[in-house]
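Pasting a structure here, questions to come.
Chain IDs A, B and C follow the sequence of writing; residue 1 opens each chain.
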Amino acid sequence: MSARDDILAGIRRSLGVKGSEAIRRQIVQDRLERAPRGVVPARGQVSGEERVGLFKTMAEASLATVTEVGSPGEVPQSIALFLRNHNLPATLRMGDDPRLQAMPWSDTTLEISHGPSGGGDLNAVSHAFGGVAETGTLAMISGPENPSTLNFLPDNHIIVVSAKDITSDYESVWNRVRFSFGKGGMPRTVNWITGPSRSGDIEQTLLLGAHGPRRLHVIVVRE
Amino acid sequence: MSALPSSRPGTPRVGLFVTCLVDLMRPSVGFAAVKLLEDAGCIVEAPVQTCCGQPAYNSGDRGTTRDLAMRMIETFQGFDYVVAPSGSCAGMIRKHYPELFEEDPNWRAKASALAAKTFELTSFLVDVLGVTHVDATFQGAVTYHDSCSGLRELGVKTQPRLLLSGVKGLTLVEMNDSDVCCGFGGTFAVKYSDISSSIVDAKAKNVEAAHAQTLLAGDLGCLMNMAGKLSRDGRPVEVRHVAEVLANMTDEPAIGLAKDAAHK
Amino acid sequence: MTVHTTSPQFKQNATRALHDVQLQKALNNVKQGFIDKRQAAADKLPEFEALRDSARDIKNHTLEHLDLYLEAYEAKVKASGGHVHFARNADEAREIILKICREAGAKTVTKGKSMISEEIGINHYLEANGITPVETDLGEYIIQLRNELPSHIIAPAVHLNASQVEQDFRRVHTHLDAKRDLSEPVQLLTEARAVLRERFLAADVGITGANFLVAETGTSIIVTNEGNGDLTQILPKTHVVLASIEKLVPTLEDVSQLLRVLARSATGQEMSVYTTFSTGPRRPGDADGPENYHVVLIDNGRSSMLGTSFEEMLRCIRCGACMNHCPVYHAVGGHAYGWVYPGPMGAVLTPSLIGVDKAGHLPNASTFCGRCESVCPVRIPLPKLMRHWREREFERHLTPASVRSGLNLWGFFAKRPALYRFATRAAMATLGFAGRRRGRFSWLPLAKGWTKHRDFPAPQGETFQARWQRERSRRTA
């Protein structure tokens, strides 16, 4: 017997089932199809301004910095300012996300490069799929236009998120993922990011920038 | 059961589950419990009893535990309530007797019936009888250790503190980590004495740092462990069962002290 | 099972740990670091207790239907272009992993933190076969340099202080300036970041564990704060996920419930920094990500825990809250437990995996204070399960003879009330008389374990039952 069949048989022996019981199969099928929501904290169940405000508060609590701009057109200037304020070089790596592509980068003197990171980039910007107000979490999706490496290799990671994509809870993110990728479908990688990289492994001292970005800066686009 | 006093309507008949340690080591705690219960209007009886079986239960000997549990169930059958001056022994009956007879419907029902009417002393006084004040005086600062079983199996935390707050002359000072184990754990204290000692050492330091003259708790096992450590280390803290203070029966020397040392 | 165990020597391990001044200082960090933060996180979320119930129910439901969820999960992974391998035990798992590494032509392998990989001892096996495994979680990296097991399931190097780490870095990172300053933890972190960054970029295969597997989508999930797990899995050509079979959950909604209790219970964070959901290999046109995606599903004793009282242990999500709150763990640290899993969860799981004959001390070395159960996010009744092990030991006559005979003696008297009253009356009178002068004993025959460290308070003399009888007969007369 193959290891697979042996293990499944062992599980069934222990559970006292055959595996063919229609009712068990139905229960599992139902659960997978209906994907019932469990307990969803009331904290995130707010809308509009309040939701964006909660997102900001929670993201800042996770040691990210957050700024707001009125429209996508203001993002490049905002990033240039952020880099300048932190004495960082005016370089920026990004993917080919059309929302980023459409922004007026030529308004700035930023030196822009495109594509995944090879580990040598200091600063990168990505566009989030969404944000979750409940914990100030950003949801990133991988794809041809959104390299995952940009989320982890650069020292300073800037994430742009549209205010309209900030949802109350994780479950709302999954609904949007299902809408985009079909029920049961997923992009190769979904990254939830809540704050900059950190470690407490040396004497329980919290240190930022363990392997991933030392800084996480979030730009909320109002429009 | 023929010697039981007949109960008037509305007067609860309470069977005192003395517990082995109180029976053997510090009977004055049992009498303090009797006084508290009688003052609260109960008729109290202490039927002939031995052990609830907890040491055997925690050592994996279910057979002996069941034998002792059956005896306990029969002994206390006729009472309205069963009250013990110990969270750990009351917890044994309340939480563990029913699961001990999981596969025996007849005994399970009896065990559950006993479990439902069994209480730790301070929680019985406060939660069942609604006592909010006791007539007692005790001079000085005391600190209170929450014994684990009482705290986590029975939710005993506010009840002793509420009653202590009404004792004249007494100030309650909270120590750090009052809800952390003292390292007793029954046979654990002997089987793993080095680890137990390290745990009770931390407790003793917290007790001393609270600057109270007296340490109180609701379980004699923990109290003997902490008293033994405090005296071995020469930390001058007196140790008593909470019932002694609440019943205003503190003439007996504190735990681990000799008669003449009590009147200093 | 090739990971060496010192669990049979638990007592000696513990005594050594208690005398290790440096370790005792480090253990203080556990006491102070985790407990208040968890409490604060729980207090901030009114639904926390309800989420614990929900988490428990989801795991129970999955375990009761584990065969079917495994099938559903496997089909989804395959549909997304990934490979699923089943391993009955550690040997099979190691062979599968080696084969994947060989096929990838791997020289070096980066690793995210994974307890199952410790359990199957993969690092030594790869090394013996000419492949260099590099742990990338900072704590795991440190203990790999020291050739140690983790002493905590989420803080593997919690038993060490910064100067020990400094010594290890100087010993191993010989290509760096010998005069460099490493006196601050942040300097150690910066050095590890730079050294490991090169390793990440050079690795041929990345091995991660999985906090959860989602049947609905065929997704594996890792949760980290450092980002090391992500660099481990997106940079090399091949990503291998190691997971024991009980990591399954049905849906994305279900895993969201579990994620809400995981970080809060572990570190007191609202959410860990990186929660990564991976489904299959890189898609056509993707800018980065692994080209090959393998999942190795490992049983190694789990399937035979199902349907027994130890099934509840399979709910464990490895948050570490039980050990963070355990007075015994605080006293002796993780290494004393002698195998991969320390603390209360280890005390239950280890006997299941390596045998109660070897790990028998672990479920006994507990005061049953119940603090572990009170914080477990999936409400595993850890003391009850430890007691079940004690019962198995008792049935199999593994309980030490001294304990057995002591219990028998006690049981003999306790079952015979008249004899009990007579014997205890005499014994307490004697003991009370002997102790009347000092009120306590600093030495007692048969109680050395007690009196070695503390005094034994003397009894008052007369037993309660004797005095009660005396006084009641007077009262009713």
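As a convention for this text, a contact is a pair of C-beta atoms (placed from the backbone, for glycine too) under 8 Å apart; a residue touches a chain by one contact, two chains touch by 3 or more.
What you are looking at is a predicted structure, and each value in this text was computed from that prediction instead of being measured.
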| item | value |
| --- | --- |
| Given chain B and chain C, the chains that contact each of them | none |
| Chain whose mean Cα position lies farthest from chain B | A |
| Inter-chain centre distance, chain B versus chain C - centres from mean C-alpha coordinates, in Å | 33 |
| Chain centre separation in whole Å, for chain B relative to chain A (CA means) | 53 |
| Centroid distance [mean C-alpha coordinates] between chain C and chain A, Å | 29 |
| Contacts with two or more other chains, residues of chain C listed in rising order | none |
| Contact footprint of chain B on chain C as seen in their complex | 11, 14-15, 18, 327-328, 330-332, 364-371, 373-374, 387, 389-395, 399, 403, 407, 410-411, 413-415, 417, 420-421, 424, 427-428, 435-440, 442, 447, 449-450, 452-460, 462-465, 467-468, 476 |
| Chain B residues touching chain C - in the complex, by the definition given at the top | 3, 18, 22-28, 30-31, 46, 48-51, 53, 55-62, 64, 67-68, 71, 148-149, 152-153, 180-181, 183-200, 202, 224-225, 227-229, 231-232, 252-253, 255-259, 261 |
| Residue ranges of chain A in contact with chain C within the complex | 2-4, 6-8, 10-17, 19, 24-25, 27-28, 31-32, 35-43, 58, 61-62, 95, 115-116, 118-119, 135-137, 142-149, 151-153, 169-171, 174, 177, 184-205, 207, 209-213 |
| Chain C to chain A touching residues, read off their complex | 26, 29-30, 32-33, 45-47, 50-51, 53-54, 58, 61, 64-72, 74, 76, 80, 85-88, 92, 136-139, 142, 155-158, 160-162, 165, 185-186, 188-189, 193, 196-197, 200-201, 215-219, 225-228, 230-231, 234-235, 245, 250-254, 256-257, 259-260, 267, 269-283, 285-289, 297, 299, 303-308 |
